[in-house]
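Multiple structures are listed underneath, in structure tokens.
Both of the next two complexes hold chain A, though its partner changes from chain B to chain C.
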Partner chain A sequence: MSQSEYADDQRADQQALLEVDNLQTAFFTDKETIRAVDGVSFDIDRGESVGIVGESGSGKSVTARSIMGLVETPGRIVGGSIRYKGENLVGKSDEQWRQYRGGEIAMVFQDPLSSLNPVYTIGNQIKESLRLHQGMRGREATQEAITLLEDVGIPDAPRRLKEYPHQFSGGMRQRAVIAVALACDPDLLICDEPTTALDVTIQAQILELLENLKTEHNLGIMFITHDMGVIAEISDRVNVMYAGEMVESAPVEELFANPKHPYTEGLLESIPSRNERGTDLATIEGEVPTPNEPATYCRFAPRCPKAFDDCEQVHPVQVDVDDQTQDHQAACLLYPEDVPQNEAVKLHQSRDEQAGSEVSE
Partner chain B sequence: MAIEDTKSDSIARRIRENPAPAARWAVVMAVLVIVEFGALWGGIMALPWDVPMDLLTGVLPGAAAGAVAGVASVFADAGVWLTDLPTLLSREWIPNQGHRVAGGGWEGTFLGLEPAYAWLVRVALVYAYAMFTFYWVWRGYMVFRRHYRYADWTPADDMIDRFRGHNWGKFGLVLVMAFVVMAMFAPTVSPTTMEQNIMDPYSHNIEYYNEDADQVMETTAGQANLLSMSEGVQGNFGLWSYDEYDRFHPTGTFTNGKDMFTLTAYGARISLFIGIFASALAGGIALSLALLTAYYKGIVDLATVVASDAFMAMPRLLVLIMLVTVLADHWVANIYSGAFIIAFLFGIWGWMGLWRAVRGPAFQIVENEWVMASKGFGERPWRIVKKHVAPYVIGYLLIYLSMSLGGYIIGAAGLAFLGLGVTAPTPEMGRLIAAGQSLVTTQSWHISIIPGLMISALVLGFNALGDGIRDAIDPKTGGDDAAGEAAAAGGGG
Partner chain C sequence: MSLYQESREGVVAEPTGEVLVEVDDLKTYYGSEGGLLGGNPVKAVDGVSFDIHRGETLGLVGESGCGKSTLGRTLMQLESATAGEVRYDGTDITTLSGKNLKEWRQNVQMVFQDPDGSLNDRMTVGEIVKEPLNVHNWKTPTDRRQRARELLDIVGLKEDHYYRYPFQFSGGQRQRVGIARALALEPDFLVLDEPVSALDVSVQAKILNLLNDLQEEFGLTYLIIAHDLSVVEHICDRVAVMYLGNIMELGPTDAIFDEPANPYTNSLLSAIPEPDPTLEKSRMTLRGTPPSPRDPPSGCVFSTRCPLKIRPEQYEDLDHDVWEGIEIFRSVLRDRGDLSKSVRQRLRDLLGLETRGMDIEEVLEEAFGELDVPSDVQQHIDSAVEHVRRDDLQSAREELEAEFGSVCEQEVPENLPVGDSGRTSHCHRHRDEHEGTLDYIESHGYER
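Entry: the complex of A and B
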């Protein structure tokens, strides 16, 4: 994205729209404590879309819900900070947090089928958002709802407004959900796998729509998916999550051209279209482990083709992959690439201890 | 229905475009309401409206309270005036109170008929009117459905169809309706009036034909009652009988000579009031708590479980007896002759079963993603549950309510039987049963049996209606499903 475009926006200059720093969210069950999000950090600027990618169970959705303050018991945020426009949201009461939901940060959920209430018309649900966040009622709200539906590319909007969710196709419904979110007039839009339930052509349309909305409304978008193809399409920057941790973070072209973390490499090798015909599709053996203890080792090591002994002893932290490349971090003992292996391991060890002592304070 | 229809804006606009069916329906409905407006209004005015008004004026500061009281009294006067409007089926038009004349035959009754037949004509007309009115309301719904409804089909259509095929439910509906009509039109269907029969018998004169003197004589109703008492062997005026004063008693007389039918008709009012008020209160508490616990879960839920267990652990009837006794001298106990406090206590002690019944569904609904989505849009908790959870839960609640309603009526009658609750002279079924208890083996069996049968029929009606509604709402239950019966047995009451 170009910074110059928003140079006049003071806040965009000074700080990112959203800064997540060392976020930790854990679920406390009778049996164990599950660290679903374990030290995640990333920034989102206005007009930027940041992708978060990872397998099922890697903590993507919990990250999104932590930002919304919608983590349900027995889960709660146990550490780190979420700065939205400079204001730390962690530690706010539910009522304070509610002030941010919708009007500041809105969320589009995975399943358009179930995120609309089947007993109310689409118009009713859009107008509810308009009433809540823009104080619009009656004719004015209807007019605005029609505009919003047209914005998200639903033809014949005045008629569609009076229809029920079941009268919409899957793609139309997801557009309607996006319209409901836009009716809140948010600055940050969190999309939790919004295209997973849709077929590929519709998926492409929705992605294009989000891209346009991002520019039109100057939205920051946090895009969660498990689909590398979708990430390539929508994101400016990609964060790869694994077992509650960020394992790699880079601009989208860089990530696809030069994946550094063995996990990212594995993910990319498992995209059908990237591989030559006739070759078997590569898979990553095994499952995402449940992160139920503090990480004192690399959680990916058991599945990692490049694992060595130290991987079981040292917890890798995010480091720049090498001196030349800016803006590309990986949490793997193999990096920084330009220092000898044992020094790299020591670097990770000392930084991890430092981070650990910070948290314990 | 064609696509172009869906373009129309609202129900108002759809009616404007095609006014004929709506107009036809509305004209007939208006006539139906106008001819009986006084009676319908009287039924509404019979409720203790002064209670909320008194409470309001008590809470408000002086000047405002005065203003409210003034407005209220204007409304009350207007209400009374409206109640006195002449109605088509009133006792003045079709009188049944008359007296014999010397050569046989009757004077003062409708067309000179025997009072029994005059009364029968009036009751039959009232029920015919009511049946036609209900039919017309139903017809109104069908007109809406055929001409004005936006959707071609809604899930409610299936529910109604299922209910129409549910004979047991329809039987319940008919019984309940019969009672509602009797309560609503109590002044009209009674052979005599409330004032003359119950409240002030010594201020009302009646004329009768004295055979010994061979002339029409006059006496007070109270005096006449003294010689019309049903006391077993000493004297009895049973079903379908005339007393010495040419008065007709469809279901006999009471132990003090008052007309039983009048007592039961007005008693039905009290019973229905208690049942409906207690249900509304219990249902309101149960619904609020179900929404609250489903939304907040955890500690709130636990606290409510403990509270409901605590309430359940107290034997309801004993607590009610205690409270009614303790509050006997309090002003609250005098509202609506004590019916209010009974209904209130039944409501307060009735929510636990209902809450447990709807808690499960509420928990289920709250897990839907649209609830999470509307949280994500910053909606207030109360509005979320009201808009996105309550509509799904109210169906269940209605079923359980219709089943527990009978329990409240029976309970109130039980308390009255024990001498608690609704006080004389306001008639109450339970007190009538109690009064006739010792005479049940004599000729005067009707004193206990008639109110007993009526209250059983009313409760049976509500239960059958609840059964019908449940089966209609649940697409999975057939007409008489064993699983459904088991689910119903879990309901409160």
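Entry: the complex of A and C
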């Protein structure tokens, strides 16, 4: 199984909207260097929504912030590339990055109240985006703002435009934030836990809205959450993150039907609704480690029920899980499934060294 | 020694059927002091009645703002009830005060949602766990220290964590400290307000398992308040579903989750995202957000959003979209006359400065759009629009209410029994003269 076999599948036919390759973002403190994002790679196409799941501290949000160029000191991007429409964003100055923020890539945060300015009306904030990114003013901008509010499902839009964020309910505020993001007419929308602060009924409305917007505007969506239910609902493709690394990547149906990485299995098993009522819930022992040293071993090994000796020695890289299944990768020494164990370990070893040497060049 | 100490004997892990807490027509209102500009009180809990049996886990679910936390806090006497009774082991605790209240409080403890906010960062974990023992002057200081160490062990922390500070712990460990503190005085009854919602799934599972083990070991009775239905489904024996200060449905977990009877329970369950991407649900999506608890709808509190609302007989066969349009139109009219407006707005209203009739065309467009509205319906809508143009919202609302309103808006439903599992549901559809909820859902192609 050579890599070229998979290189020319349909995903590669046209250039992806966003290609993240071996992204590394680290935070430098006096005490230690924390490799919050440590060699993450994934693609997002137009009209596709890609989910990123993981526990808190797994580096999901830092990945998103890296793509937006919003990593603050003492953190910085130390390696890899972020190609947006073919252009590498890593290494751009703040000034240049600003060309992309909003207009090309927009972001929706978890807490809608803190992303809206309490002393301006909702209309004002949407019109600000319109003015900055599309040069619209006056009546034209007002009209467009009304259309946007209607697009995100806010009834009685002309009147709502004159209201302040505190007069909106939680779900309405998140809709307003999405409207502000859409006002910039982005091609890629990054949603960082957009429904975590909302009730299930409102969450259902927001997920439906995002789904519709994706098709209407042909948006690429990157969706970050820790809720497996939400991921199942919204994404086409799922990436599972653990301690700064991508441990598994597959289309959503495949991932839920055949989770390969032991961490993904554990994560799925601990969902209450997948456990029988009244029984003890399955858990993953231990805690997520802080990635403060280069990975020369599998970071999940100490918690892994399937760990063996080599897991302490060899750093696993993303490989196809077996010869038949395309488009499903896991970073675990147990895979590829169809080669003998020691060969698989060797494969990981050699690929890891290769990747290591590339970076040092 | 506690007044209630004797009841600890014969510890049981299974629900015994013996009633521990009896809640009878409990009401908790905020801001009922009123005043000229105070407006209506917020009816956070508006007349709920239920029992909690010894040894059982009762779940309380609902959207934010439905009054579930207020209810929990009222049971703990952290809020004082406006009306009604809470009987704990036969004693009405809403009347307790002073020494008696303090003594009673040993029996009930609370675990809070946010472990960051509920633990004092300047105290060591040992001191935090010891605090309730100090407050109630439990035995000698040496015994207290010993007890605190035991408690840490019980909740799965190490004894040498005694001298650490809360910030040195992860979220899950901090929640364990909160639980240890709640257990310090050997309570019978724990109110857990969103105990796991701030935690990751894998950590959540560990805490839920811990709670289960503790219940078995100490024969505890739990009231778990949560908005995550899958948690409640997993851990509770019975579930109460709340909406706008009322309990809409109450019954055994299996019955509620397998065959929800109340329309609100149905829509709530239908909104849970299934962790199964192959499933395509046709959702019962609810329109808008819950109305203000200052001004709850007349009749059934859910009537403004209910997808299963009983229609007047002549509109029984009206097209679904047209009916939906009428409902949207009515809800916009209701919003505009909302009593929960700011003082400034209310003054403007009083002085007649606010004109509300201007953009009625857009509202109509939004509600009915391209729909083919039957002439008998159109006639009533036109006359309502006339009222709005004259800035007379009240008449417009009354006009529509008279024509399209039904028993749902006119009468408060009773808690009617459903099935034979002791379940009750707060809905007119369970009365014989109306089509039952399950039949209606089936005949209209909803899935849960």
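The rule is simple: the second predicted complex is superposed on the first by the 348 of 361 C-alpha atoms of A that agree within 3 Å, B and C clash if a C-alpha of one lies under 4 Å from a C-alpha of the other, contacts with A are read in each partner's own complex, and residues count from 1 in each chain.
Basically, contacts are C-beta pairs under 8 Å (C-beta built on N, C-alpha and C of every residue); 3 or more make two chains touch, one makes a residue touch a chain.
Keep in mind it's a predicted model, so treat the numbers as computed, not measured.
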Contacts of A:R299 with chain B and chain C, given as first, second, both or neither: neither
Which superposed partner A:H315 touches (first chain B, second chain C, both, neither): neither
Which of chain B and chain C A:V252 touches, first, second, both or neither: second
Partner chain(s) touched by A:M228 [first = chain B, second = chain C, both, neither]: second
Winner by number of chain A residues touched, once chain B and chain C are compared: C
Touched partner set for A:C184, first chain B, second chain C, both or neither: first
A:Y100 touches, of chain B and chain C: first, second, both or neither? first
Chain B versus chain C as contact partner of A:E287, first or second or both or neither: second
First, second, both or neither for A:G266, with chain B first and chain C second: second
Touched partner set for A:S56, first chain B, second chain C, both or neither: second
Residues of chain A at both interfaces, chain B in one complex, chain C in the other: 158-159
Complex contacts: residues of chain B adjacent to chain A: 6-7, 150, 297-298, 368-370, 372-380, 387-388, 391-392
Of all residues in chain A, those that touch chain B in their complex: 68, 70, 73, 98-103, 106-107, 109-111, 114-117, 119-120, 128-129, 132-133, 158-159, 162-163, 177, 180-181, 184
Touch list for chain A against partner chain C, complex: 55-56, 150, 155-159, 169-172, 199-205, 207-208, 226-233, 252-253, 256-257, 266-268, 270-275, 277-278, 280-284, 287
Contact set on chain C toward chain A in their complex: 63-64, 170-172, 200-206, 208-209, 212, 227-231, 233-235, 253-254, 267-268, 270-279, 283, 285-286, 288-289, 328, 331-332, 335, 359, 362-363, 366
